[in-house]
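Next, two complexes with chain A in common: one pairs it with chain B, the other with chain C.
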Partner chain A sequence: MNKLLGLALGVLTAIGGFLDIGDLVTNSVVGSRFGLTLGWVVIVGVVGICLFAQMSGRVAAVSGRATFEIIRERLGPRAGVANLAASFLINLMTLTAEVGGVALALQLASSIEPWLWMPVAAFAVWLVVWRVKFSIMENVTGLLGLTLIVFAVALFLLHPDWMQLATQAFQPSVAPAGAVPEAGTTYWYYAIALFGAAMTPYEVFFFSSGAVEEKWSIKDLGESRLNVLVGFPLGGILSLAIAAGAAVVLLPKQIAVTSLSQVVLPVAEAGGKLAIAFVLVGIVAATFGAALETTLSSGYTLAQFFGWSWGKFRKPAQAARFHIAMIICLLIGLGVLATGVDPVAVTEFSVVFSAIALPLTYLPILLVANDPQYMGKYVNGRVTNAFGMVYLVIILVASLAAIPLMIITGAGA
Partner chain B sequence: MTDHKTFRDPRRSRGTSRSRVANVVGVVLLCAMLAGCVTTAGGVLGDLSRSARSAASDLHSAALALDLYSRGDSTIGVSETALDDAVTDLTSQQESVSSLSVSTSQERNARAAILSRLDVAVHAVIRGKEALTEADGAESVHSARKQATRDASRMKALAIRLEKLW
Partner chain C sequence: MIARRQQAGANPRRIDARLSLLDRQVLDADRVPVQVVGDLELSHVSLDHPIPPGTPAPVITALLSGPVLATRIFGGRPPTSRLHRIDWADVAEIDVALSLSVRGDTLDVTWVERWVSEHIIGRIPGGHSDPQ
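After this line comes the complex of A and B, so read on.
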């Protein structure tokens, strides 16, 4: 019975923890401008993150070490530093966006200016990282994040034309009926942004480091696979529900999403104040949970690269540099937000830069997962490798196309 | 397996790492700047029509927020924030339209028309925000919503006219 409850908890927290500010904003932006015509990208992204998350979880469970630690050892410091630079900078950008996202969500609940919430959010993140047990932190934010299911409920309450949504999803075109005609380049720019949002690198580093924090072993492989293969796709369905809600309510009015307040309007239209209460709890939990994960990931990547003592399973005094690195990253994020930059703009840039950095993050994971020296008989099978190779090509294409598309479209303007 | 301490290299590798990180940061900043500065399809008239489209979107968004509030389907926090966000976006459109350098009389007239409409739009949304907290709330909110919807239609019509001029 306890085992079953543990499995259910793992899956539920994986669903609740799947969405972050990047998913919330990007899916809503895309839904309001392109309807569900980019729904296929969410599916491609979710399959990709499942593939690499279960791979890095397996590496951690089999070797007892986090992926980043092995990457540096396996590929050497030169390749390791490229991996570190790309992952760390994207992670820092995502951390900034998440802290800003918490502040924006709290503004929606209180009408208090977000810049007053930003230091509060950053302090709360530090306090939780410092004091709260890893499992409690993960479970509480993940379970509260489940309230985002209200996006799916809202979609049903809106009584959409399901045939029209299905047509958009299965016969993708640049401009669905009723939308402002968009350039083809803008469509592809947002396809890459959506892909980057689904495959954000911190998710993989957090997953693998979390496996070490929770002392996974080979016998936990089944549970880890279940969490990923059931939890993440269900989280992906929530992403599609956000896009579909925006497509039903905002697209016909030609409202192109540029702020978090617009993301919740379809939910309010469908379910009123009660639905707003659920969605606000969910957004705060999702962004706060992601802020915790990105803060920890900053510490993980640096500590694992430089060989410092790390982990929440150690007392802070025994992992002092790990904790100081996280505090510095939080302060940098706060400093960036203090310049007055729009957190939603940071989010939009972070998901595109995530796509740019993907090859540097995911190629090393694929290499390590194929190394029998670390993995023994648990190296990737043929099917996993075939998927891995296909995804490497997709990742490479997305990475190479991202910068030209960003420039040509004026960042999707 | 090799001990990872073996890789701890002297200053040379640290220096290389720093310069590599600096290069990556440089590329990131350059791309962000380029993405923000490049004039996209349609030249100045294209930029003006996109600003008008964006302003129409803000006005529709404000009208929807006011509508939801007047029906009792939204909270004061969400409605106020949605209207604040619309004002911020409209003000930023005003700044970007003002800073566009125009070279023909057609472009000058188009810019003047948009700036005038944007001014009206900002006032309409601010009026909507004030209506949320007024004593005769329902009536004021209703009239602010109608005003925002009217302004949105006019702004959209202007955007369509400009798109035909590209």
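After this line comes the complex of A and C, so read on.
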């Protein structure tokens, strides 16, 4: 019974932990402009993150090595430093977006200006990283994040034209009925943004370091695989529900998503104040959880690259550089937000830059997952490698196309 | 460059120093991370003269760290006084990571960690308590 409860808990937190500010904003923007015509990208992204997370989790459980230790060992100093710089900066950008997201969600709940919430949110993130046990941190934010299921409930309450949504999803076209016609390049730009939102690299740093934090071993592999393979696809369905809600409510009225209040508009229209209460709890939990994950990831990447002692399982004084790095990153994020930059805009850029940086983390993991020195008999099987190669191509194409598309489309304007 | 494993009792095994030593994680006797191998110190290699035949092969005398990342990328070498050494004799085992037979907090290389711990992190309330 306890075992079953543990399994259920793992799956539920994986669902709740799947969504972050990037998924919320990008799915909503895409839904309001393209309907469900980009739904296939969410599915491609979810399969990709399942593959990628499962592989990095297995590497961590078998060899006890987290992603960034491996990146330096495998790529050497030159490519390793370039990789660290890119991954670290994009992670910092995501961290900034998540802390801003917490503040925006709290603003919707309280009508207090977001710049007053930002320091509170950042301090709360630090306090949890400083004091709270890893598993409690993961479970609480994951379970509270489950209230985002209200997005799916709202979709049913809206009584949408299911046939129309299905047509959009299964016969994708750049201009679905009722929408403003968009350029093909804009469509593909948002395809990359959506792909980057589903496959954010920090999830992989966090997942593999978390496996080391929680001292996974080979016997935990089955459980971790179940969490990923069930939890993430269900999280992906929530992503699709957000896009579908936006397609039903925002798209016909041509409402552009420029802030969180438009993201929650479909839920408000369907379920009123009660639904809004649920969705705000969910957004605060999801963005706060992601802010914790990105803060920890900034410490993980630096400490693992330079070989410092790291981990929440140690006393802070025994992982001093790891903790000071996280404090500095939070302060930098707060400084960026203090300039008055719009967190939603930061989010939109961060998901595209995530797509650009994906090959940097993906390739070393694929190499090590095939290396018997690290993995023994747990190297990738043929099916995993076949998928791995297909995704390597997809990730490379998305990464290379992202910057040209960003310039051509004026960042999706 | 070939390093020969010097552990007593184990069969000598040939490993590629570039592949299996450089950029590898170093763990201390308690499995606490210490550093990443930045560079290696070799015994008596004369750089300016041709090496006469019959000269014994150089051996690794220490693991180095410090400002070596920049010099490995851009060339040149930092002054010896800026480098931190871990004696090769203290290396107990070479696997995917290198294990030492000594504790990390006795080594010079961890002074930054100790300084940050004593002066900043250790002074914040809760810095010395277990996160459990």
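Here is the rule we go by: the second predicted complex is superposed on the first by the 413 of 413 C-alpha atoms of A that agree within 3 Å, B and C clash if a C-alpha of one lies under 4 Å from a C-alpha of the other, contacts with A are read in each partner's own complex, and residues count from 1 in each chain.
Here is the rule we go by: a contact is a pair of C-beta atoms (placed from the backbone, for glycine too) under 8 Å apart; a residue touches a chain by one contact, two chains touch by 3 or more.
All figures in this text were calculated on a predicted structure; none of them were measured in a lab.
Applying the stated contact rule after C-alpha superposition, one finds that A:S110 touches chain B and leaves chain C untouched.
Contact with chain B, but none with chain C, is seen for A:L89 once the two complexes are overlaid on the shared chain. Once the two complexes are laid over each other on the shared chain, residue contacts for A:V81 go to chain B and to chain C alike. Of the two partner chains placed by superposition, chain B and chain C are both touched by A:E69. Touch criterion met: A:A317 reaches chain C, while chain B stays clear of it. Once the two complexes are overlaid on the shared chain, A:Q254 sits against chain B while remaining clear of chain C. Ranked by how many residues of chain A each touches, chain B and chain C are led by B. By the document's definition of touching, of the two partners only chain B reaches A:K273; chain C does not. When the shared chain is aligned, chain B comes close enough to touch A:G410, but chain C does not. Of the two partner chains, chain B is the only one touched by A:L265; chain C is not. Applying the stated touch rule to the two superposed structures, the overlap between the chain B and chain C interfaces on chain A comprises residues 69, 72-73, 76-78, 80-81, 307, 373-374. In the complex of the two chains, the chain A residues touching chain B come out as 69, 72-73, 76-78, 80-82, 85-86, 89, 107-111, 180, 183, 249-250, 253-256, 258-259, 261-262, 264-265, 268-269, 272-273, 276, 307, 349, 353, 373-374, 403, 406-411, 413. Interface residues of chain A facing chain C in the complex, by the touch rule stated above, are 63, 65, 69, 72-73, 76-78, 80-81, 130-134, 303, 305-310, 312-313, 315-318, 320-321, 323-324, 373-374.
By the touch rule above, chain B contacts chain A in their complex via residues 1-2, 4-5, 7-9, 13, 16-17, 20-21, 24-25, 28, 31-32, 34-36, 38-41, 50, 53-54, 56-58, 60-61, 64-65, 68, 72-78, 80-82, 84-85, 88-89, 156. Considering their complex, residues 22-26, 32-36, 65, 69, 72-73, 96-97, 104, 112-114, 116-117, 120-122, 124, 126-132 of chain C touch chain A.
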